[in-house]
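Report on one structure; see the data block that follows.
The chains carry the letters A, B and C, assigned in the order they are written, with residues numbered from 1 in each.
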């Protein structure tokens, strides 16, 4: 497990509706960040530490488009430049706090934690189903006290579903086949489980007791996993058996080296009624709390002896590739920084 | 105070009735251990950390005689061998977790934390009075946030009883005489207090207001102390003055370097009525909570400045010997390990 | 920020009425201290760690003028000498705990943490208004989880009042002028704010809506700040406009390197009625809790990255001088100690 983070990358900083006209403090990649919106609604992210006496700016107040420190009134504009110091006329141009490039997309506010000149919004992962018509989303925001890669790993080996989520979405699918693929900037797994007992959640949708299920899992660095679950009932007597899609976009954003912010949007391609929407949300909450329980226990177990060995099986191919890819990216970034100095 | 533990030794892992058909997690000597019973009742202790992704096995479930990880279903038999990996046919013979030799005796499950080939149950301390007929036991299990040797030290200098336990078992016995003896594998103290005010607990037994009391305290490495308390009333007018024995076996099992599991069984050689048995238990609870209060405060005080000096008196002879013996044993073990490599 | 403390200095150990016939444990400059009063009322401060087995003496009991350890009964007189060890006749003269010079003055018990031979009570700061007639005091004792110099800094830059205490004592006084002065053993600031909106608290006193305010702030090493606030109403129509003085003595006593004990006495030079006295206390509580909130947030922000840079303005002249003076004093003390060895 890496002890560092990739900096030149987009991360989810917050759900769009978490950011408003009151300062929002959020620790991201071990850096204190404060988020707010200007009067015109454009989101702003600044270093959450006044350059004067290091009070968190999130304890201050928004004045127009600016953020005023709640301790001595130093005031910063959306670029991080200090524009007012109470008690003096001039403000030296060198005074200010760091600002972070942001982009608002797919229901999230995205932040770039590295070199601002490299922040290209076209590199933001495509999570359009979070907000697209024809998709019905439900959302979970969950703090998890574990290294973010443990959660990515959780998603890249869905054999855990049968054991952790037996009461909701799990089914005995241990005979599933797994295909894999790795490109320079993704890891992709396809898990096909034919003829399984239809999981409880899908039975609610009136599907037949047995189904075929295909899960396509795509990891995108540094912390994103999208999972498309296609469940097709086994109903040969029907002209057109029901087939339902759920597309879940996960952002596993590091808070510190041992904690993370979990942003999940699960979108169905069928609306259903209000009871179904409610059940969908309850199920999602239960599933991710089950994940949190086992992953936080795993983190604690690792901390007891970080050098304890562990073995990987062919089902871990995805997470092994993910760790390798992240190590390469982080090392490349460190080497480039070194070379630039 | 040593920063390590003796590994080649028996420790109490749990009271026998704590171990059943649900996994019990217990941290012993800073190692995570999970305990359970096979279908035939035989207790099992495994490393509480799956060799796959390091989730604690105690979050899993017992399937027959085996323990199945609650994360991805790796399954281990009572020897620690991995016998099933979901999604693959073969399990390499090298895959498994550590198992620990156990023995069930004297109402406890005993565990051997070192080299399994050296685990000889005949070396388990003789605590038979915990369960023998003619003895009426009461039990206290108590976590204490202190180095285990601080608790052993507490037991090896019973001059504390007058100050810490004045309301229960204490009496002003500062004129007691103390004899001592040390062998290669024990430290023994005999404390004789003639003509003391009979402690409150014994007054309940209808004894005369003054008594003679003899306490024989035996330390057995690495963490056991047995105390036989013989209290004889001063009643020269009686043909046969009452004399009562209480034998208390203590196991001070390290959890970490700053915490321990306290297993205490106090057995009387007289039955008494239900009220007495209840009073006996209440007294024991109060006594050991009083000990815990002062010892945890002592631990915190030591942590403020671990190098702060302290003086010993002749009453500390026992604990000085105990520390010396434990240091020798731990160093011998480390040296043997070094030589074997 | 210094990582050490000045030892040869008087500190406030406790308010006088906190010290009585029950032991009071207090951590001062990272040292455990126990305070109590002898039978004749004279306060005593001893090392709060028995020299025998390092139990805190504050868990023991006062016997006459002496303190008896609650673990094994070692007993210490007010000089720290051990005068009784249960179970033995003689007590070696070398056995004892440290005692600290104390002085009781201005409603406080003052302690000298360094070389006792240098403890000269004439060097205690003059806080006589805490108890003098003609002054009406109110008091706040507050633990703050921050380095003590952050609280001193808070007091040496009162431009924070407008931002942190807007609902109580603050007013927009950013046009205030600031004069400064530094001697070998003090830093003095004079802040004059002409024609300000009279702060809410003073309006309660029936003053005119606008006032002139002069604040004289004096720092005395190692941790004292006295502030005289003179508020004069702008009422040219009156023969004698009202002018009120408040004198606030602050002791910012280090508990550890990241926490402190805050002792504040604010004295008015006018009695007012009971409602005013009550309001005065409520205001003071609110003001210092507001300070605590922002300072503890600042401390946490600094701990996230202790090397994060910060800039100072001319308003920080006082705190810059204070830090320089404290660094010099601490270095001089260390050098003298070095030379003496």
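Here are a few things to note about the model shown:
The working rule: a contact is a pair of C-beta atoms (placed from the backbone, for glycine too) under 8 Å apart; a residue touches a chain by one contact, two chains touch by 3 or more.
The structure presented is a predicted model; accordingly, all values stated were derived computationally and were not measured.
The rotation that brings the Cα trace of chain A onto that of chain B spans 120°, given to the nearest 5.
Interface chain A/chain C: under half of the residue numbers present appear on both copies, so the contact uses mostly different residues. Annotation: 47 Å between the Cα-based centres of chain A and chain C.
Contact with two or more other chains is made by no residue of chain A.
Those residues of chain A whose C-beta lies close enough to touch chain C in the complex are 27, 30, 32, 48-56, 59, 68-73, 85-88, 95. For chain C in complex with chain A, the residues that touch the partner chain are 153, 157, 159-160, 162-164, 174, 176, 178, 293-294, 297-298, 300-302, 304-305, 308-316.
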